[in-house]
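Lettered A, B, C, D and E in written order, each chain numbered from 1.
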Amino acid sequence: MSATTIIAIVLVIGAVGYLAGAARARMVVGGETAKLHSRPGYYGSFILIWATLPALLLLVAWSSFAPVLIDNQVRDTIPESVRAEQSATQQDLSINIVEAIAEGLRLLDERELQQATAGFVLLRPLLADKGVALAGNGEDWMIASAQQLNALRDTNIIWKSIAVIGLSIVGFTAGLLQIRAQLRARNRVEGVIHAGLVLASTVAILTTVGIVLSMISETGRFFSSVPPQEFFFGTVWDPRFANAEDPDAAGQFGLIPLLAGTLYIAFVAMLVAVPIGLFAAIYMAEYASSRFRSIAKPLLEVLAGIPTIVYGFFALVTVGPFLRDLSGQIAGIATGEVSSFISATSVLTAGLVMGIMLVPFVSSLSDDIISAVPRSMRDGSLGLGATRSETVKRVILPAALPGVVGALLMTASRAIGETMIVVMAAGVAARLSINPFEPMTTVTVKIVSQLTGDLEFTSPQTLVAFALGLTLFFITLALNVYALYIVRKYREQYE
Amino acid sequence: RDQVSVAGSSTVLPYATIVAENFGETFPDFPTPIVESGGSSGGLKEFCRGVGTEFIDIANASRAIRDSEVASCAEAGVTEIQEIRIGYDGIVFASDINGPDFALEPIHMYQALAAQIVVDGELVDNPNETWADVNPDFPDWEIAAYIPGEKHGTREVFEEKVLLVGCEAAGDLQARMDAGMDEDTAEENCYAVRKDGKSVDIDGDYTETLARIDANKEGMGVFGLAFYENNTDKLKVATMSGVTPTTESIAAGEYPVSRPLFFYVKKAHLGVIPGLKEYVEFFISDAMTGPDSPLAEYGLVAAPDEEREATRASFAAGETL
Amino acid sequence: MKVDTQQGFADGTATAVAGSNEFPVKMDGKNVNVFYGDKQAIFDVNLEIRERQVTALIGPSGCGKSTYLRCLNRMNDTIESCRVTGLITMDGEDIYDPSIDVVELRARVGMVFQKPNPFPKSIFENVSYGPRIHGLARSKADLEALVEQSLRGAGLWDEVKDRLQEPGTGLSGGQQQRLCIARAIAVSPEVILMDEPCSALDPIATAIVEELIDELRQNYTIAIVTHSMQQAARVSQRTAMFHLGELVEVDDTETMFTNPSEKRTQDYITGRFG
Amino acid sequence: MTDASLTPATTATGTRSHTRDIGLKARYAAERRFRAYGLAAVALGLFFLFLLLGSVIAQGYTAFWQTSIQLDIEFDEEVIDPDGNRDSDRMVLLTANYPLLAQRALHEKLGVDPDDRAARRDANSLLSQGVRTQLRDIVVSDPSIIGTTRTVWVLAHGDIDSAAKGQFDLTVEESRRRVNDRQLGYMQTLEEAGVMEGRFNTGLFTFGASSRPETAGMGVAIIGSFYMMAIVLVLALPIGVAASIYLEEFAPKNRLTDIIEVNINNLAAVPSIVYGLLGLAVFINFAGLPRSAAVVGGLVLTLMTLPTIIIATRAALKAVPPSIRAAALGVGASKMQMVFHHVLPLAAPGILTGTIIGLATALGETAPLLLIGMVAFVADYPATPFDPSTALPVQIYMWSGQAERAFVERTSGAIIILLLFLAVMNITAIILRRRFERRW
Amino acid sequence: MKVDTQQGFADGTATAVAGSNEFPVKMDGKNVNVFYGDKQAIFDVNLEIRERQVTALIGPSGCGKSTYLRCLNRMNDTIESCRVTGLITMDGEDIYDPSIDVVELRARVGMVFQKPNPFPKSIFENVSYGPRIHGLARSKADLEALVEQSLRGAGLWDEVKDRLQEPGTGLSGGQQQRLCIARAIAVSPEVILMDEPCSALDPIATAIVEELIDELRQNYTIAIVTHSMQQAARVSQRTAMFHLGELVEVDDTETMFTNPSEKRTQDYITGRFG
């Protein structure tokens, strides 16, 4: 019986339990459901939970522990002689072959099985015929181990099915016995749902913990070879070239230029996205006919769905050269000398293109939030003789502000985390500059390029990616803490 | 797991996929190997995580594995690593097809791109603005070079085989050492690339470099030979030290800028992962990596006959690092 | 139930004016029909609002009082499905004429709504909002004075003078509604439309507002929707009775309550139908 | 009541009339400007959209046609199974020299002199190397075909395809071109004979990865993306909505929930590649899930999408007026019932918007997949989410780095397919949103 | 302004009961204090609600009537900053006891709010929602009957019977409030709390509701907040007078209006302060 079958059976028991619970509840009060604490459906759900939840938890636990036990037992079947000469990792590999054989043996019929047990040399072509490819390193003892493995697996499945289905039935009965008119079934069921909700919200915390944990050890290794002050306060990013005065250092890992580039590009992007997005949202929520809105809004949302690599190419082949040539023209008109003051790859190009990508993030979220401001607010303002724009600027936007700020924060986050557009539109040169017409780069770009490069993976040059990741993580964390504080301070609740 | 799992260098990736695809077609019993991209570093890192079916079998690399990496591998139990050299990657300089011919020497690249050069005995920030400043025969283009970013292995080759050579040729290396730098520092100083925007690092792949040259017709880009050969109608290749880069001239060792490509195999996996041994053998067969093979057609510079023979022998003998 | 109309008049008549003909017509509706989508809410109503008088609109719930009132400052424009036909004039000008500016109209015809709807801003900003957008105060001091006057006018000043910077939404229901009245009178409109302005007020506040309405009548034209016939009797000089979207009768309040010419009015004010 | 209340009215009396200056002209100008800004913003957004789409489509629409050649192929037993033991050894049919069959047929059609090696080479290279598998599949599925002659459309080589679409600059000298003059002549011959034409490129949708442009397709990537989106939808939507409900409706407002809130906002800002690191560490190295598998990709993208969904859902929940909640509680609904019966349905449009944005981002994401082995060459279809596969953006990313000219249009073609996916999602969302949207 | 309490009594006394001691206490508040954050809104209030009586809560705006009422079915729980101390019991049970199920409590103590708040669903669904979640109707026909009965009870049936499937939010203000009343009585609670239920209703609808309240009194206990002293006089048997968060006086309505013992009550009902 496969796990899916077991789950299906448990679910069927649960479904029966639902009906039985509801029926039992009705019976207890002789049909007068008003006497029940909760609606019969809740009693049904109560049984459903009793019948399925413990059983499924058991199934999960069993399924994660049993293979370990089986594996240990199969390992015990490895002949002493083999065990003596093989290292633990080699044994792992042998077990892998055993498993492949075990899979293959199941495909054989009685006669072939007889043949197969004779030896690995015979088995290999036999299985190859069945489309099971075996590696060359097999040995004869593995066949016995494989049979043992199959036997263990078979018993395991039987016991697992019995235990899980048994527990399900026990739960079913236990639940049914508890049913009284006064049983607070709704509260119990809601308790379980509540627990589920709590569990769901811990995912966010677990993710954070996971992220920190997955980066911390490598970051530690990085900092053991590069002093933190050099990383955090260094103003030169040139990881492969040591400072001329200090030939021992592995390179120069100054965070400042990357950070400056990140914030600068994100700032330019927000400068593009916020006005366009906010005005678009306002137009759609306040002025546009519902028809126009229903067409324009999803169309704008398409912008958010276009993969960033497409934007990257767009920046590279269209926007960048356009800006460069444009600046050439302008310079030509102004000074008579045609020299482009905007590089094809620049903070401006990246910011502009990224801004376009971010427009729907601002507009869609803001549009929903603005539409949610109650009508009476609009009436109040319009009734005083305010124009629509005054109403929007002075009443609706302030009322929607916390939500809009939330949307903007989300957008800013995206801007800070964006990689592909920057790689293509702003380049990878880590420079410290305030000229938006020149290339700069961002932390994320460097994370990707250091991780996917050809440099030595044990060197600080690669490890720095983890330090960068963790640093970025904590910087955005600080920003978000601050943002939360701001939103809290200015939050005004309507209605 | 029943298919071979490969990860690593994006330079080797196209070759590895051609082999994998042909392998799948030639050996219908084995599933087509999975070839991941992710850089030599990422590939070797995965490779060195450990031995077992949950770990990859082969790491592609556009450089040789480093000692520290071998050590790190060994720590995780990956002790027996077989190194396989598949051929060479030529690195060429090319500009727009409609531009003039360039007859480059390393010294030109050095003088155009180094952060600092020696002028009148003084080490100064590179003053050259146009190619004509470097060599009056060159067009009066503003210098704009698209070179591989520091993450690329190609960059290292470019530095060592072009910039450093140019530096020496110009006598600048000596001048630096005379000025009191020790040799290592002087060398590093030679191939430090200017950061005033005249030289642009490309962290993406060659299509990006091509797009940049499309956008700036006066740009000069660094490409792999294979990529150039697929785009001969758009690019004009420059000669280096008077040699035009071709598979022949590189194989013959005439063209100076090239590098070997590798992959590394876990010996412990050879008998365990179905098809792994066959894949490696197929890869190093003449049918795949010989002079008339699909890889060569794609742009890989095949290793000389005796080198290929040696590789095969070494693999068959199970030699490890 | 018996509604005592006499009692209301004790106050109402004190300020009522004998003949109503001496008051010129301020706003005039001719054959007004209003539709919400396909549904007609107002049927052929002809109703004039006289200058410097209080006109009360009464009638059972859902009869279209609010709808008619909202036509007078074109607040109905903001409801997409709403369509108005007929002619409504103010000082003889068609207010639905394309040349008429709806913002100016609304600045001249102020409105107080049924549900209190303070802005989610401070009390001060709520009141100063109108004067500010219309540029009615020359200086900050001016504005502050104007806010104080308006809040006093709405009988709210003493309760909120110490917390002008607190949000208007934090007030109790009655306080909120008085804030809205203060907000409306702060822009000194010519006509003030009030949609059950007192329905959320307690009697004391109601009395204050009623007194205020009576005083405002010196300078303003007022139309008020109310459910309370006592209130109509107390504050208004003319009363219009609506039923099922029709105007049943309109007359001097005194006549209306003592001697209605329509049976339906009679029945309604004596509480006999609904 | 003081008489101070009357002053505003009295002071205004003198000037009060419609001659009162309320700055209408300027305000209307401002109003018009404001409205124009709004319209301009929408127009600008749409302009960029169409510019982008236009350039993608202009570059990519040709990818949906693939040059093919019609050949009368004789399935010659001499070539396929010279020793006649195909019944005993199944490898015979699998390893036969199928390209030869096609080459012979082509030579015949072009009248190539069999002794002219150069001409033969040029002619052979008109054909895709994919003919091997194409013909093999035909024979293996029906061995009785051996010995007969069939008309088959075979794929032309990628360079020929590009040449036929005019993507090579034919003015450059012959030696610099991927296609020489003789091959161009052959192409003309075939075209005139009506046996070479652009046919709809179904392979683009069905083939797996390939190093040859003409046999490269999005099949594996489509399946992979589909698996991943299904996983993201199935996990992220319920978890995200559940977490939002807890945080917005049930959680006490204390330090802990503040921490969670900040956390979630922060997770939305974490660059996507960091999720790749997380996925590698947690799902592959710790939980032991297979590399390159859609299930890992789906889980990583789920974690990445969750914050977006949670933030949007919370905003949507917040926007439901408190009076609705009071009403529900007032008739004796439990908090849970209040949420599920009233608040959630009202918040549905907002939740949908957030989910779609989140899914769209996930659908287009490459960087995190790099670290979990999904940026890979995968030729075989994944049967389950646990098998190796790639994803649409990965395929785009990989093709964009390929040297062959034919991959340039295919990259754009792949983008078009990705956008179609996106469009389907968006349209679904619009339909759902229409059903849920209510104004109150 | 003079408020005529006599008139109100004409109706009120008709249904009032002589001695109030015969009515057992249904809900009892002892030393109730309510805080919104740091701000105290209710000070040490002791007020009992007697079974099968209508208790009216009166007092000027912002005095805490709504706040006290909301304590009785723990609606205040939903306001984060709100804190209640003291003891409130229902049938002798502490309703703030942890063992008390707040949902059950609210099903037993229904509520009608100040601002109409229909669900954005159909009229039918609005009314049937409560019975549905409490399982009060066995069949669809049952449910329909219950809905009709409740809508009739709220005097809304005739107006909406043809459009039960239309959204409740499309009704006029008064209709919406009556819908909310129908929704509350549909679950037949033991106690019904009404926060100015008639402030949005016209006199006819008000009369219907008042009549209804009078009928409901046969089976239910009712607490009603009102601004109209006439209404308090008409419908209630006991009246509690609040001022600035304190309970000034509570007594039989008749005594209260004819012979109040507190000066403040006297002043308030004669309209002398506020």
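Brief remarks on what is shown
As a working rule, a residue touches a chain if its C-beta (ideal position, glycine included) is under 8 Å from a C-beta of that chain, and two chains touch if they have at least 3 such contacts.
The UniProt protein names, listed by chain, are A = Phosphate transport system permease protein; C, E = Phosphate ABC transporter ATP-binding protein; D = Phosphate transport system permease protein PstA.
For clarity, every value in this text was computed on a predicted model and none was experimentally measured.
Contact with both chain C and chain E is made by A, D.
Averaging Cα coordinates per chain and for the whole protein, the chain whose average falls nearest the overall one is A. On a Cα centroid basis, the chain most remote from chain C in this structure is B. The mean-CA centres of chain B and chain E are about 83 angstrom from one another, to the nearest whole unit.
Once the centre of each chain is set as its mean CA position, chain D and chain E turn out to be 58 Å apart. One finds 56 Å separating the Cα centroids of chain A and chain C. Distance between chain centres (mean CA atoms), chain A to chain B: 34 Å. For chain A, the set of residues that touch two or more other chains comprises 186-187, 313, 374, 385, 387, 390, 448, 451-452, 495. The residues of chain E that reach two or more other chains are 103-104, 115, 133-134, listed in rising order. Within chain D, residues 22, 27-28, 321, 323, 334, 370-371, 400 each touch two or more of the remaining chains.
Annotation, chain-chain contacts: A-B, A-C, A-D, A-E, B-D, C-D, C-E, D-E (touch as defined at the top). Touching chain C in their complex are the following residues of chain A: 290, 374, 376-387, 390, 394-395, 398-399, 492-495. Looking at the complex, you find that chain A touches chain D at residues 186-187, 190, 193-194, 196-201, 203-205, 207-208, 210-211, 213-215, 275-280, 282-284, 286-288, 294, 296, 298-311, 313-314, 318, 356, 359-361, 363-365, 368-369, 371-372, 374-375, 385, 387-390, 392-393, 403, 406-407, 409-410, 412-414, 416-420, 443-444, 447-448, 451-452, 466, 469, 472-473, 476-477, 479-481, 483-484, 495. On chain B, the positions that touch chain A within their shared complex are 2, 9-11, 29-30, 37-42, 44-45, 48, 50-53, 61-63, 66, 68-69, 71-72, 77, 149-154, 156, 181-182, 184-185, 188-189, 192, 195, 197, 200-204, 208, 211-212, 214-216, 268-277. Of all residues in chain D, those touching chain E in their complex are 253, 321, 323-335, 337, 341-342, 346, 438, 440. If you check the complex, the residues on chain C that touch chain E are 1-4, 7, 10-11, 58-62, 66, 114-115, 159, 171-175, 178, 196, 199-208, 210-211, 227-229, 268, 271, 273-274.
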